[in-house]
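Chain lettering (A, B, C, D, E and F) follows the sequence in which the chains are written, and residue indices restart at 1 in each chain.
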C-alpha cells in the first residue's frame, strides 16, 4: 500500500557514517533511505551574549539544503538574500531539540554549533538532522571529555526524531517524500532514548485529526526512535 | 499558586470586540487578560501563483508586534530589515491553522489575508491571534455571503487556540507571561469547536515530558477551547 | 463644500485617551476624526553614540502603519525588508519636531523613543503623531519627575501639529483623506502653544502657490493648534 | 560676520557648465561656491505603472553623494545596502520640485530621470541639485523638441532653489557648510522665476522661530532665486 | 620542501565519483587531495531574458561552501543575507570558464546551471569546481543527447583548471591550503584539453612577478591539466 | 580598422588632473579617451581588525559608476540595495593591485581608502581606476611625508594598468567600449613601471586563445604602461 512497499510500521534503512569531514570537531553523514544529511558540530570557547557569565553552555543549530538536493532545483538562500521561513523554523527546532538533551552546567560556558546540510532530500530532513545532529554533537563532546575540558558527560540520554503521518487513511511510520506530499496530517516526534518527549509537532494542512489518531502516531514514533537510537549508539560507541 | 491567583484550569478573562476598524472587511480586538491583539481580514480577488486557476481559495496570515507591546521596547522589524524567526514561525502557524477550518472550494478563487498585530503582550499572543483571526475571517466571509459572492459558508467549524504548560510541576491552562517564562514545557493546542485537532506543538526547553503530562495538557486545552468558541460565537452571531 | 460638511476653518473632533498600554512609560491613543494613532514613549538610560558623554538627553521617533489601517491593504514594511521613503521622512519629522520642544539639558543623558503606530488612517497621520507623541512624551517625563530622576521639567511649551491645504481653491484647516488626495497644495505646520514655529513644510504637487496663500494657511494652522494644545493639556493635566 | 565674509544677502558665486557628459540627454555641472553637483537627465519612452496609459509624462529624481565629497569620508550607500533617510528625503524633494514646473500633458507619456550626484559638498546640495537639475531637464526637453517628439514646451517657468537660515541671530542667504552646521533654523525655498512657491521647508533643530523671521528668510530667498534663474537662462539659452 | 612532501610538479591525488545524487541531471563528487566539491548540473527548458529568442543555450554556475568545510567555521552566507565578494567572483569565473567550452548553438535554447558546493576545503576549490563542474555538465548533456533533445555534442573539448604559485621562491603545481596561504603569487589557469587558454588569473598579494615566472607556472599548469582531463574522460566515458 | 581609427598599438589620449576635490587627501580626474574616473584617497588613522596591532598599513579601494556614465542609464546600486558582482570584482582588483606597490611597513598602521567613481565610461574603467587610483594614493602619501607622519616613501615603483584584447582577429592595445563589446578575448594587465607583473586577468567569453596570443597582448600592455607611468610621474611630480 505504501509507495515504497514498506509495512505501515517499517522505517527506511538507516546508516550513520562518522568522521566524514576532517576539520569539524564532530561530523557524520546520516542516511535515512534517500534522505542524506551532513551534520557537523563546531566547538567555540565563546557563548552568545544572553548566556555570557552564566557558566552554562549553549547548543545551537543551522540548517540548509543544497540547491539540487531536491527534485527540481531550489534557489540558493544566499542568493535570495535570506533564509526562508521553513529553514528558520527547522533550525530553531533542531537547536531546541538538541538542547533538551544537554546538561548545560556540565558542558560549561562554551558553544557548540550543529550544522545540518541536506545533500539529498526524500522526506524527513528535519528528523534526520536532529538524529544525525545528536551524533555530531556527541562526537564533539567526546573530544572535549578526552581532552579533559569537560569532566562529566553532559549528554546522558540520546535524542532522536522521526516523522509519522496519516497516509491514505492509515497511520504510517517514517514518511518519505511521496507520502509526505500526500499526507493531510503529519507529525514530528522528538524523544529521548527513554521515550521522554521533547517536542511534538503534529499538524494538519486543510484537515483535522482525533486524539486517537495522535496516539497511534505516537506509538509508531516510539518504535522508530528505538531503531534510531540503536544506530546512534553504534555510531558513537556509547 | 499561580502568579495571577488563578486556578490551574482557569482561563484569563476573554473579550472580543468586533468592527473596530472602518476599512477592513473584518476586524476585531481580542483581549485574553492583558494580551491584546488587533485582527483584520482583507479580501482580495486574486490568489498566489501556486493557487491560480485551481478554483480554490487561499487564506494566509501575517503577524507583528508593536514595539512597545512588551515590557522592554522591541526593535521594529521594519527597521531591522526583516521579520525575525519567531515572527515567521508564528504567522505560518496562524495561516495553517485557519486554513484547516476553511472549505477552500466554497470560498472560491480569492484570497483572505488575516493580519494579527499585537498591541499589548502578556503571553499567548499566537493563540490569541488564531482565535481572534478566526473572528475577523468569519466577519469578512459573512460580508462575502451577504453580497452573494460566496454561496455556501466555507467556515463551518470554528477554530480556536490556547496554550497550556507545566508550571511549578503542575499542568496549567492559558499561560500568562510570568508563567510562560518559567515553564519548562509548554504547548499550543489548536482545535475546532468539536475538539478535532488541527495542530499540537508541545515543546520542552531544556527539559522533557511524559505522555501522561501531554494528555493532561490536552484535557485542559479542550476546556479552554470551549470557552473561546463561545466568545467567538457571541462576537460573530454564529 | 468640504466632503465632510465641515467649515473651512473647522477641525475634526479630537480625543486623546492616555494610559492605554500597561508596559510603556507614557502612552496615548489620539483620534483626529477617523485617524487613530497609538503613541508610546519609552525611556532608556542610554543614548546614541553621537550624544554619549555630552550630558544631554535625546528624543527620537519611529512611525509605522498597520497593514489594514488604510482603504486597501498596505504591504507590511517588515515583509518588504525596509521602511519606505515616506515612513523615513515622517519619523524624522516627528523626532525633529518633538526635540524642538525639549530642554535636553534638563532631560539629562537618557533617551526617550516615541513610537507612533497608525491604527486607522484618514489623512493627517503625521500631524496626529506629533500631537499625540507629545502627550506620550509628557507622560513619560512626568514619571521621571515623580521619581526624582529629572528635577526641572524639560517640556515647558507643548508642541502640536496640523495640516492645512488649498482644497477646491479654498484654504482649509485639517485635511482629511478625501481632501488630501485632491489638494494640489498642502502643508504641515508644527508649532508650540505660543505659536512659535518649529517646522513648516508646504508643498505643491504639480502646482504652485503664492505667499498670500501661504499666510492664509498659517493663520488657519494657528487656530487648529490652539484646539490641539487644549486637548493635550486636558490629557496630561498640565 | 559670516565665516566667508559675505554680506547677509549675498549668494556664493554660481556657475553652470552644460554638456559635460556625452551619453546623457541633458547634463550640467553646477557650482554654488564649493558645492559642486553633476546633474544629468535621462529620457526613457516608458513610464512607471501608476502613470501608464494616462498620456501624461513623469519626472523623477535620484540623489547621491560621492564618498569623499565631504570633509570626512562617508560610507558608500551601495555598500551600506540602502539609501539613508536623508538621501531618500532629498531625492523625493527634488522630484516633487521639478514636477511642479512641468506641464505633464505637453511632455507626453515618457519619463525623464534627473540624477544629481554631489561631487563636492559645502552646504546647500539639495538646492543646487534642484537648480542644476532643472537645467539638465531643460536641455533634455530641448532635444525632444528639436527632434519633434514634443511639440509645445512643457517647461515654461524655470524652477530654482536656495537655502536661507538664521545664523548668529541674523537672517542670511545661501548657507554654506560652516553656517549650516551652526544655524538653529534653516529653510529650503523652491520657487519659479515668477516667485510662485513650490515648496517651503523651514525647520528648527532644538529651537523655534517667529513668522517675522520666516518672512525675512522668504524675502532673501526671492533675491537668491533671481540670480539663479539668470544663470539657468544663460546656460540653456532660454 | 613542500609541506605535503610532494614534488614541485606533482598534483595531489584526484578522484571523480559520478552519479552521487539521484535528483540532478548530472552530478559528481570531485576530490583533489582533501578538497572535496559536490558538483551538480540542472537542465531547465528556459533561459535568462538576455538570451530569450536567440536560439542559443546558456550555462551558468553557482558556488558555495558548507560552514564547516573550513578549519574554523565560516558564517553561512544565507544567514549573512548575501553572497560575499569572493563567492561572487568565483561563481562568475566558473560560469565563464564552462561557457568557453560550450557550443551554444548546438546546446539549443535551454539553460544548464552548475552548482559547486564545497564539502571540505584544502585549497584550490575554484579549480576543482571548474574541473568537476565540467563533468557534471557533460553528464547532463549526455542525458539530453540520449533523449534526442540535443543532436550534436555541444561539449567537444573538455575544460579543466589548476592553480599554481610561487611557494618559497619556487614555482609549484596545484597549491594546497598551507601553500596557498603562504604564496605571494598564485594563479588559476583554465584550459581545454588541447591547451587552448580560457582564463588566466595570476595575481600577487603584496608582491610582483616576472614574465619568466609566469611562463614557468603556465608550463606546470599544462602538466596538471593533462592529468585532470584524463580523470574527466574516465569519469564520463568520453 | 579600429572603430576609432587608432593603430593597433596606439593608446587613447591620456590626461590626469590632480587636486580636483578640496576635501580629499589626494584626488585626480583621469581621462583615458572618453573614460573619465574621479579618484580620491582618504587617510584614516585606523585599520581593519585583521591588521590591528601588526604595525602594517592597509590600502583598500571602492569602485562605483554614476548612473548616467553609460550609454543607457544604469540602476543606482544604492537603490538596488547592493553592489553588483562586477563592482565587487573590480574593487577587489583595484585594492589588490595598489597594495602590491605599497611597502606596508613604511606606511605604518593606518588605512588609505581609494575611491574610484566613473563619471563617464567608454571601456577600460577598471584600468583607468588603478592608474588614477595610484596617483591619488601617491598624493595622499606625499602629504603624510610632508607632515612627517611617514618617513620613508612606501610607494617606490608606480603601478599602472591597461587592457588589451583580440579585436577582429588582431591584438590591440587599450580597448575602448566598441572594441570591448566585440572582442572575444580581453585582458587586464597590471604592472609596475619596471614591468614587474602584479596581476594578469585574461579571459575569453565563448572562445579560447593561445599562449602566443597571450604574449602578444603582454607586449602591447608593456607599451601602454610606459605611457601611463609617464603621465603619472608628470601628475605627481615624482
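The criterion applied here is as follows: contacts are C-beta pairs under 8 Å (C-beta built on N, C-alpha and C of every residue); 3 or more make two chains touch, one makes a residue touch a chain.
Since this is a predicted model, take the numbers as computed values, not measurements.
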{"item": "Chains touching both subunit A and subunit E, listed by label", "value": "none"}
{"item": "Remotest chain, subunit C as reference, centres from CA atoms", "value": "E"}
{"item": "Proportion of interface numbers common to subunit D and subunit F (over half same, under half different)", "value": "same"}
{"item": "Superposition rotation for subunit A onto subunit F, Cα-based, multiple of 5°", "value": "120"}
{"item": "Distance between the centres, which are taken as Cα means, of subunit E and subunit D, whole angstrom", "value": "51"}
{"item": "Euclidean distance of C-alpha centroids - subunit B vs subunit C, Å", "value": "33"}
{"item": "Centroid distance [mean C-alpha coordinates] between subunit F and subunit E, Å", "value": "28"}
{"item": "Multi-partner residues of subunit D (at least 2 other chains)", "value": "82"}
{"item": "Direction subunit C, origin subunit B - full chain order round the ring", "value": "B, C, D, F, E, A"}
{"item": "Residues of subunit D touching subunit C in the complex", "value": "82, 85, 88-89, 92, 96, 99-100, 102, 104, 187, 192, 195-211, 214, 218"}
{"item": "For the subunit B and subunit C complex, residues of the former touching the latter", "value": "21-24, 27, 34, 38, 40, 42, 44, 62, 64, 66-71, 73, 76-83, 87, 113, 115, 117, 119-120"}
